[in-house]
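Naming follows writing order (A, B, C, D, E and F), and every chain is counted from residue 1.
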Amino acid sequence: MDSYVLELLEKGKRIDGRRLDEFRKIEIRENVVEKAEGSASVKIGETHVIAGVKAEIAQPFPDSPDEGILIVNAEFTPLASPEFEPGPPGEDEIELARVVDRGIRESKCIELEKLCIQPGEKVWCIFVDISVLNHQGNLLDASALASLVALRNTRIPKLEDGKIIRGEYQGKLPVIFKPINVSIAKIRENLLVDPNFEEEKVTEAKISVAVRDDDKICAIQKQGSKEILFEEIDKIIDLAVEKSKEIRKLVK
Amino acid sequence: MKRGEVKLITDGKRIDGRKPEEMRNVEIKLDVISRSDGSAEVAFGKTRVLASVYGPRALFPKYLQEHETGILRCRYSMAPFSVDERKSPAPDRRSIELSKVIRLALEPAIFLEDFPKTVVDVYLEVIEADGSTRVTGINASSLALALAGIPMRDLVCACSVGKINDTLILDLNGREDNYSEVDMAFAMMPGKGKITLLQMDGLVTKEELKKLIEIAKSTCEKIYEMQKNALREKYRVSE
Amino acid sequence: MDSYVLELLEKGKRIDGRRLDEFRKIEIRENVVEKAEGSASVKIGETHVIAGVKAEIAQPFPDSPDEGILIVNAEFTPLASPEFEPGPPGEDEIELARVVDRGIRESKCIELEKLCIQPGEKVWCIFVDISVLNHQGNLLDASALASLVALRNTRIPKLEDGKIIRGEYQGKLPVIFKPINVSIAKIRENLLVDPNFEEEKVTEAKISVAVRDDDKICAIQKQGSKEILFEEIDKIIDLAVEKSKEIRKLVK
Amino acid sequence: MKRGEVKLITDGKRIDGRKPEEMRNVEIKLDVISRSDGSAEVAFGKTRVLASVYGPRALFPKYLQEHETGILRCRYSMAPFSVDERKSPAPDRRSIELSKVIRLALEPAIFLEDFPKTVVDVYLEVIEADGSTRVTGINASSLALALAGIPMRDLVCACSVGKINDTLILDLNGREDNYSEVDMAFAMMPGKGKITLLQMDGLVTKEELKKLIEIAKSTCEKIYEMQKNALREKYRVSE
Amino acid sequence: MKRGEVKLITDGKRIDGRKPEEMRNVEIKLDVISRSDGSAEVAFGKTRVLASVYGPRALFPKYLQEHETGILRCRYSMAPFSVDERKSPAPDRRSIELSKVIRLALEPAIFLEDFPKTVVDVYLEVIEADGSTRVTGINASSLALALAGIPMRDLVCACSVGKINDTLILDLNGREDNYSEVDMAFAMMPGKGKITLLQMDGLVTKEELKKLIEIAKSTCEKIYEMQKNALREKYRVSE
Amino acid sequence: MDSYVLELLEKGKRIDGRRLDEFRKIEIRENVVEKAEGSASVKIGETHVIAGVKAEIAQPFPDSPDEGILIVNAEFTPLASPEFEPGPPGEDEIELARVVDRGIRESKCIELEKLCIQPGEKVWCIFVDISVLNHQGNLLDASALASLVALRNTRIPKLEDGKIIRGEYQGKLPVIFKPINVSIAKIRENLLVDPNFEEEKVTEAKISVAVRDDDKICAIQKQGSKEILFEEIDKIIDLAVEKSKEIRKLVK
């Protein structure tokens, strides 16, 4: 299969017939988990992730006593791929969660200071948990998108005597931007948007770029075990900004 | 609040409006995970569980292999957002016990001796938990195993039953799970008339226990038809 | 040995000469550990377990702010059997502890509401720790019995300024029932009470039943990798209720 | 409160009524665990420790095997209920250190080179802890090793000694363990006159140290007789 | 306090007195760990990182070996006393991510295919952390790999760049790391003109990003000379 | 190499030319880590360790409510030796840390009661972390020495509103003695001071002795898998006391 991917690429073609700069079909479903404060299911092709948001009460960090806390966590469930195994999170899960976290955090889309309950004592801690359910490549873009959509439909629970009333809500979580993550793979001299599982296996380097509504870039992460060239960076950034607009339209 | 202290039935209706022996809506989806050898999603009301099967596949390290039989492994896990208070993704004691009882509920149905030295992995992920997750998971696993082509003696069907005041109930939701007087998880191979899971908490007389098992049995027989229909439909449609 | 067990069973006999519905000799010793708030050593034949109870102060659970907490924990010490290995508790230890816990809890023998020190703030947390010291089969019944006896001789420590005074006590833990656990093994068409180690190795299915003083059943757990038949369930329950009466007489 | 701040001796009597160089009552039981290859229970007063030996047995995974010698492993563990405040069953730093020093105290006595590629496991469980648990455990281990038929150069005997004010004491109980000025754990092969464990905390002069070692030595010689008597009696009775 | 909320530049001077595109003092020491196959210590100002290389060496257990290539492993770790608040020595999520990105920054430079079935271990210890620890560590690793005689396509050079208000800055210190608007870690093989690490946080326009990369590139070229000088000097002196 | 060490010893010689009772060259550098409250780098020959001290606020132990807490921790970083592996601390690391801890604690060199901030509520917790950077033998003496020197240059941070002001200090940690650890190896009939890596490989038993300024012994730990003789103990203690004086002179 690996050599087939490469052969086709020589002719500028991809195994699933897409153009190099084309995403697979994206399917977003909102509020898929009632128990969650917010949730979304995202499919990019056959890749499937669910993101769920839970709000808990926590002590703020000492250096930001009046700000809420955002924690992003990812699990590559062993259901999703024969390569995944049960156990504590591995480096790929941790990296994915941290890159999704930075895309959201650096875009400043969540006003953490609005999540303070009692300065220095109690703030909302927003957990975004990503469950990967089917791994057909480009988990990062799917996870970032699911997280964004889940956050955008998140409701903050009601409080009574400082305790959370489950199932009742005081309002929506304020999410004021739509940062979009776009991952671009380098295979030989080709740059491919949204690599699928087979393409990722022969990917030399991958650049993931988070782009905000105003086309500002809020996070970049190079992945893959090979190098990338200066001129490729420029093309990748341009392509990411362009594709981010396309995907952003899918987000309510 | 404890078992028995919450009003769960009023004028013969349960808190979600069901009659005592009424099941919630059952939803079955097959082949939901393309990378898996067999997968299914089953929902009982809001409770929704995915099962994914990998194998039979080689088992490493080698000293874990059994020379005369295959090995079945199960892992029950809850998504952190599937419950009211966020659940840490690390397995807790409850998940470890449930993984074992689910494995033992499925094992009698599988011809493990047909594929020595290998392992079949059944992974369960609870997407949303509103009671009866283990039995929902067993139904999903049964379908996923069948879809993975694992040779089976029979499908395994499961349901929960319980008791509120003096009323016996079927298919407990989350609140009933926590506060009903009795909670029983049950699985069987309906084609064989054999029980593979029986777990009970709470006080019952021998007579009540008998009746609970009867309700569970006849429900499993209905679920058997649902499982078979789902599989039949798939093979009619797709092949 | 396995085939010897089966051969004898064909003739209705057991390797240690017992009747099918006969327990091995049960030996109970109370207060075997002075440091513990309560303790018991139980031998069933050569199977040996010790249960020890410690009382600590803890925060109550949010949904039961005025109730004490019961935690049951089991350790299969590596001393007890060549099969046991050091390390974090495995699934069998966890299952055993949870089944013992349910037998006690569901019988309502402990009035947890009497273990409140300060509602919502401080309650007694009763730890029952089971140490298996010799594994010759039927660990569950031995563990449940040792736990019950240990709880029944448990004394609640004195408090001074909210701190525990070790070695001084304010009274006994109220334990108002005697739930008894009876495990019955199915080997081919036979039902055996109190299977020993060799019998457990060829056991197809095992049903453990906890029975309260009023013959009500408070917990059931099927174990073993084979199925059980409907008519067998009835016989098992009857047998368990009958044997529970016998064992209950041994408990003060 | 710290070492030296608690009154532990009055009119020449210790808090449990003993004289400075008086041992607590010693109790020895052999073959207490039928599944074990060798086992013993030793009590020094309320301190009670079980030792159980398995091996020599094959060691897996294979890369852990030593080709020219057997391996000795020890695990010291305290039952959660053996101490005042419940102890979590997971091994803590103290247990890990004690497991090592106990292993090193026993190792010189064992002909490990006689069974290459194998392992001998010595497991210790403290049932009740009132001071001197490690030395009590070494005595139990020595007996359990002998009963398991492990070839030994000699039995290993152990005791604790210490200092309160200017008085040297023998066999520390729990309170003395915590608050005496000096606490020393000692083990030797009495038949060979060789020291296998020496651990000391607290301030002593060279002269005091010498005296402490003398007391420990003569006590270990007494314990040697107890160990030998126990073994002799067993073989007289049972074989 | 968050990114952008702390005043980090005044009259064109940064809080430690540097100009925007000024590096801190760079210190390089080679062969600092005699037991290692190759080692180096690099300091950027107060930030000080040791790298130590072992290998290529055989990899166990065997099933981890790759038959056609060697494996590179990296471990980034911070000494508990290297930061303001004591850091627990167990690896946290940040360390695990950094270990991965450092590995990927070094891997393109190494002829791993030259030593199949083996592993090269690169261990990093941050002795003191005042920003830019990962890039300092990459420079130390590059030198340690060269000293260990690992065949390399080129040295790997790394630096950090960032943005305060509208000023682009070079070589971020700890406070700038936390509170500047943009923070970028960059590594390349200067002799090949190829980028091996690119990580960016914070808001930038495409144009700013381009400029940041340019500054990083020319800085890496300077660091390249420093690395080469250090190696040259060593071989002149010692061999 | 092992047999070469033994051969030379037959002639009373060591592989690095030292006398049996001679330490390798000791090099002490103070305040090597600015972020730490105290720190020291110690080299004994090529053996290299760094000790760093951090002061944090903690709750006191219930039985000593008005005393600070001392915690000593050691890490054999995998940088230091091909034998060391990443992972949780092994028994050798734990033993080393505990022996260093006892040498310091039992010498009473730190007045823990001066580290109380608010009795029963808040005390200083003094963490001594030892990082082994190069392992050429006798890690224990190097670690104990580095810990002592680091503690002696430790400054206690300033507090404001009960919070630590990093980088500002209220004064020095009071350290009133200089306990010195001396390790002596037994190889056949020889007693060697400060064994190096090659010597440790053939060491039968090792005795580590901590000695205080007044020549009182404050801790002893026998290591190694072989026995030691009574008459050897005497010689070892005398030698340790003598060498401790020599090393103590190096400590400011």
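One rule holds in what follows: contacts are C-beta pairs under 8 Å (C-beta built on N, C-alpha and C of every residue); 3 or more make two chains touch, one makes a residue touch a chain.
Since this is a predicted model, take the numbers as computed values, not measurements.
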{"item": "Most widely separated chain from chain D, with each centre as the mean of CA atoms", "value": "A"}
{"item": "Separation of chain E from chain F, taking each centre as the mean of its C-alpha atoms, in whole Å", "value": "32"}
{"item": "Between chain C and chain B, distance of the C-alpha-averaged centres to the nearest whole Å", "value": "27"}
{"item": "Approximate Å spacing (C-alpha centroids) for the pair chain A, chain F", "value": "48"}
{"item": "Interchain centroid distance [CA atoms averaged], chain A/chain D, Å", "value": "57"}
{"item": "Residues within chain A bordering two or more other chains", "value": "none"}
{"item": "Chain D residues counted as touching two or more neighbouring chains", "value": "61"}
{"item": "Interchain contacts (touch definition) - all pairs", "value": "A-B, A-E, B-C, B-D, B-E, C-D, D-E, D-F, E-F"}
{"item": "Chain A partner contacts - residues on chain B that touch it in the complex", "value": "32-36, 39, 46, 50-52, 54, 57, 75, 77, 79-86, 89-91, 121, 123-125, 127-130"}
{"item": "Contact set on chain D toward chain B in their complex", "value": "60-61"}
{"item": "Chain D to chain E touching residues, read off their complex", "value": "61, 63"}
{"item": "Complex interface listing, chain A residues touching chain E", "value": "63-64, 67, 91-92, 94-95, 97-98, 102, 106-108, 207, 212, 215-230, 233-234, 237-238, 241"}
{"item": "Residues on chain C engaged by chain D in the complex (per definition of touch)", "value": "32-36, 39, 46, 48, 50, 52-54, 56, 73, 75, 77-82, 86, 88-89, 127, 129, 131, 133-136, 166, 197"}
